[in-house]
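Here you go, one structure.
Each chain carries a letter (A, B, C, D, E, F, G, H, I and J) given by its place in the written order, and its residues are counted from 1.
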Amino acid sequence: MTLHENLKSLGSGTTGYRYARPDATLLEAFPSPFAQPDLNPAGAVGTLHIECPEFTCLCPMTGQPDFARIVIDYQPDTLCVESKSLKLYLGSFRMHGEFHEASVNRICNDLVRLISPLWLTVRGEFTPRGGIPFWPTAEYRRP
Amino acid sequence: MTLHENLKSLGSGTTGYRYARPDATLLEAFPSPFAQPDLNPAGAVGTLHIECPEFTCLCPMTGQPDFARIVIDYQPDTLCVESKSLKLYLGSFRMHGEFHEASVNRICNDLVRLISPLWLTVRGEFTPRGGIPFWPTAEYRRP
Amino acid sequence: MTLHENLKSLGSGTTGYRYARPDATLLEAFPSPFAQPDLNPAGAVGTLHIECPEFTCLCPMTGQPDFARIVIDYQPDTLCVESKSLKLYLGSFRMHGEFHEASVNRICNDLVRLISPLWLTVRGEFTPRGGIPFWPTAEYRRP
Amino acid sequence: MTLHENLKSLGSGTTGYRYARPDATLLEAFPSPFAQPDLNPAGAVGTLHIECPEFTCLCPMTGQPDFARIVIDYQPDTLCVESKSLKLYLGSFRMHGEFHEASVNRICNDLVRLISPLWLTVRGEFTPRGGIPFWPTAEYRRP
Amino acid sequence: MTLHENLKSLGSGTTGYRYARPDATLLEAFPSPFAQPDLNPAGAVGTLHIECPEFTCLCPMTGQPDFARIVIDYQPDTLCVESKSLKLYLGSFRMHGEFHEASVNRICNDLVRLISPLWLTVRGEFTPRGGIPFWPTAEYRRP
Amino acid sequence: MTLHENLKSLGSGTTGYRYARPDATLLEAFPSPFAQPDLNPAGAVGTLHIECPEFTCLCPMTGQPDFARIVIDYQPDTLCVESKSLKLYLGSFRMHGEFHEASVNRICNDLVRLISPLWLTVRGEFTPRGGIPFWPTAEYRRP
Amino acid sequence: MTLHENLKSLGSGTTGYRYARPDATLLEAFPSPFAQPDLNPAGAVGTLHIECPEFTCLCPMTGQPDFARIVIDYQPDTLCVESKSLKLYLGSFRMHGEFHEASVNRICNDLVRLISPLWLTVRGEFTPRGGIPFWPTAEYRRP
Amino acid sequence: MTLHENLKSLGSGTTGYRYARPDATLLEAFPSPFAQPDLNPAGAVGTLHIECPEFTCLCPMTGQPDFARIVIDYQPDTLCVESKSLKLYLGSFRMHGEFHEASVNRICNDLVRLISPLWLTVRGEFTPRGGIPFWPTAEYRRP
Amino acid sequence: MTLHENLKSLGSGTTGYRYARPDATLLEAFPSPFAQPDLNPAGAVGTLHIECPEFTCLCPMTGQPDFARIVIDYQPDTLCVESKSLKLYLGSFRMHGEFHEASVNRICNDLVRLISPLWLTVRGEFTPRGGIPFWPTAEYRRP
Amino acid sequence: MTLHENLKSLGSGTTGYRYARPDATLLEAFPSPFAQPDLNPAGAVGTLHIECPEFTCLCPMTGQPDFARIVIDYQPDTLCVESKSLKLYLGSFRMHGEFHEASVNRICNDLVRLISPLWLTVRGEFTPRGGIPFWPTAEYRRP
């Protein structure tokens, strides 16, 4: 059995995109290869850097579209987030109205709940509104 | 009641721009989502990075226009600065004469007074005069 | 009466964003200042270069989001396209499924119908899918 | 019936990647929307700019891997090349040994045969070997 | 007598900045050295490329600040525009409300009136509003 | 006898490229000059930074090609990895299906086994899939 | 009385440029706004970053011109260096012959003597001679 | 028989580098695939763009090393220059003293003699000496 | 006898820098290799592109230093300008006061007089004063 | 007596370039101005950053040319390395065959022997071979 045999979205023929509201049930995890001694006899520490330049949601006050690059870094414990499921999850903000700070906080908390990492950060590099870009960051460290 | 229900400038139909002098009463705050346990059960630390590339004021000695990118970073305690109100506040320096160091110091102190952050920095990346750019920075840390 | 007194979207207090399908009725025009001899006694030729880096629609086959920078250049005859109405029009593709070539062709034809320019081009710089960006261009010249 | 209803590779659940030799039968075409008067009443001229930064094949003399960005520009007559089929076609060079000049010439001729464009160019931006990049270009114009 | 002996603004101790409305009387010209056979026995053709990255005015509908880089190119006949006077002229738009297309058209016509060039172009590279930059250009050629 | 006299791949007339699966037996080491007191009487600490922008393998779920830049940093103890053997080793992933995290973990462990460094890191900068790049890193430190 | 009322060079009608040798008497200081409790009730720490890309002097051995960007950073105690006086001071090296290391050391010592900062650094980014740029840095910290 | 079967340097086990003087006998050609109707039934026009960033020779007056990027573009008739032989040829300038203009002229003439192209250009982008880069270009067109 | 045997400044032990005023007598020429049939049997056309990023002079009105990159392009007839002599000539503007347009015109005319080229252009990319760069160009073509 | 009065290579009329093998006797030192209390009463710490983008040597296995940018940083004690002598020393590797790691180690040790610095690092940014750049670094710190 491979590491990924239970994944639903990657490589499947039909993908159900959802756009109404942030949907954490779209997220999927798989066992980290760094956590398996036969694959990692040297005991190397694994980390991930992920950039999602195509994030979009709506402004909750005006309804206008907002755009951002979402940057995620984390050190897995036993689980990693699967890439296509992350794409679907971030896509589910498309028709949702939420402030920049709240979206970044939500993504951080949803990922921490999914994979219980050692640490994880989310930065939202939103494009300017009124000539000014606001970039919130959420930083989690396991207590 | 949403986090932002008391905001006046964002999404309102009429905006009263003021250009005569720096006006800290234009600034508005809203409750930080990072400070609310139901929104942030993981206890992630939130920070903000903000760039305002369209700042302009006047030289107090010669009256000539000065231009700068104002860069603000902070860690909120219970309040965040609202984005459109920040735009209006920075716009209110338009016809005001003040030296670079004093403007940066003023912006830092006005924001600290508004939101009582854990820390906050303001950097003014002024364009060159006489071929030389001067970039003052003010760094506040809560004692 | 100013050049813009009939505009509906710019500066109005409430903006009705529409996201279901491309809606050319959102587009508005205003008289070109280049076409008015008292404003342009030298008879200068006016042209416009416009970039819309925040365009998004859906793939008609898979439903996945597509992203693009839309670049428009034109030489007005007697009318110019108004900027905020163009933003609303481009935003109306948000939940619409259409191929890259067809969207670019549609935007070109909708703008030609609105303002009857001397010439007009639309380029769609779509982000990669399968590692490959496709960038269609439509070029109109008045016969 | 949509423009693309006969396409096989895009959106299908199973994709058969072939890597042994260049396989022009993988290429598919669809009717150009620019060629249809109801979609293009203004008669705009359509062109395409395509970049494939992930091309790889083998050196026919040494067997070492070669890498390139393949850049394609063309003006369709009645047919366009479909994007996913182009990806599969370019992927089929993976285990094939061929010189830079010959690969670029082959891609140009295979695409001309598929869609009979008004003109079409292919440039291969190969990475350096011996410190020197060789970039061949093939330019076709319908006689 | 030097070429510049009648200039008022350059090198003077007191500069009167005006910010209320565009003021073409601030512009000054000086004799082109390219037009003087003793200085230019080879008969070289002179041209000028000028960039003003610090232009700001107001939106006539909302009163909000607009920012632009103004780029000017021209071929003088017998007169050149003096650099400091051009700075003062462009600064006089500071508190003036005007659309992008109209400002660019005005600058072009004011300069043509001042120096009667063989040709002259003005491009306004305005920063984005609503995520979209509009860049008008005015091109004059002596009939 | 030079430091490199036992190397097989560098400078040899025939190179046997292998593409079926990752093959650690292709890797070769040579004695570090930093570890030899006659060459390094000052006792300088040596480190290596290596970038391999031409890495490619296959997706284990879909069979599609993946591309990455592999970045390696290490501090040798008594051995260094030979450059041409590293090229052959990384080339051996060409027809192998493996997830990003697993490939990076494998390269790290294979190099640690070869040269027993004081520390060694491997970062895989994979190109985007679904618009999102995933960049895993493995960090080893000798206990 | 403003902070700057004793300044001589800024805004004065006549500027006496001196080019024969480095002249520290040209430097002027003004009271730091960060050091005044009424202006800085939050007690923010102020720092300055200054870049002078137009520095030139002569080589003391060959007499050929040398060019550099001079970069200065400091934390003021009670005094700041005034910007126009700094320009005049740096201009006074124009006809002076001195090695790169000595000029950077001199600028650092002259500024420390003027404003008694908490720390101050000067970096000279000299353009290449013989294909090689030399960049000396001087770092002062108050004991 | 393949297009390249007579090549000597590519893929051979032993390479004889020569560094004493420019040696045009090192250059080799192979038949252009663009010139063969069975490979190019569309009759596409082939061109080549080649960059050699690692060119070095000596100054004939002072003996100091000179460095350049050599950029070659050409349209082959029946022959192409082989890449490894071009590397060896350019390497043969290593210990040769010659002025920039003369080297560029020599490379152009040696290549024209080898492959009789329809047109061919050589540009030498030499690094600065005395702060000034000189870039000669030679342009050949078949009469 | 080599092409350069009469040159005085290149490779000589002592160089006399002059800084008081533009001195065209510093310029030297040498025979163009492109003009000699034995060196250029293909009859390639030679051109030169030269950039001088370290030009400085004084403002004739205020005495302040001005800085520019001087860019020269030309097609020689029988003579080329020697590189070190050009450096000395451009250095001779160091203490000279002259407007941008006049300096560019002067350099163009001095070079035309020296080498009688088929065509020659000089562009002065002056650094901003008052936030605005002025870039004059002079273009000569042999009648 | 100036700091540099014993230097041989800088400003001398004849320069003897040596290219056969690395020759540390070409290196010269001069007294650091930072180490002289009359020049540095503030006691500023001096450091140097040096980049040599034009380094070339040969591969000891194949004889092919290698190219690198050599980057040197150090904190002098009482001596600095003279710039022209460093150029001659690095040039002496031109016809020498040596591996990347060994060259960087050699340069570090030769400079430490010359000037006994407090610390010194050498990084060799070699251009790619086989598509892969190897960048060794040597770091010395005085025990």
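Everything that follows uses one rule, which is that a contact is a pair of C-beta atoms (placed from the backbone, for glycine too) under 8 Å apart; a residue touches a chain by one contact, two chains touch by 3 or more.
Remember, it's a predicted structure, so these values are computed and weren't measured experimentally.
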C-E compared against B-I, more contacting pairs: C-E
Copies chain C and chain I - rotation angle from C-alpha fit, nearest 5 degrees: 145
Centroid spacing, where centroids are CA-atom means, of chain C and chain H in whole angstrom: 47
Euclidean distance of C-alpha centroids - chain B vs chain C, Å: 34
Contacts with 2+ other chains: residues of chain J: 53-54, 62, 64, 67, 127, 129-131
Residue ranges of chain C touching chain F (in the complex, touch as defined): 64, 67, 127-131
Residues of chain C that touch chain E when the two form their complex: 2-4, 7, 10-11, 32-34, 39-54, 80, 83-84, 86-87
List of chain E residues in touch with chain C within their complex: 59-62, 99, 101-102, 104-106, 108-109, 112-113, 129-140, 143
Residues of chain B defined as touching chain E within the complex: 15, 17, 19, 53-54, 56, 58, 62-65, 67, 91, 94-95, 127
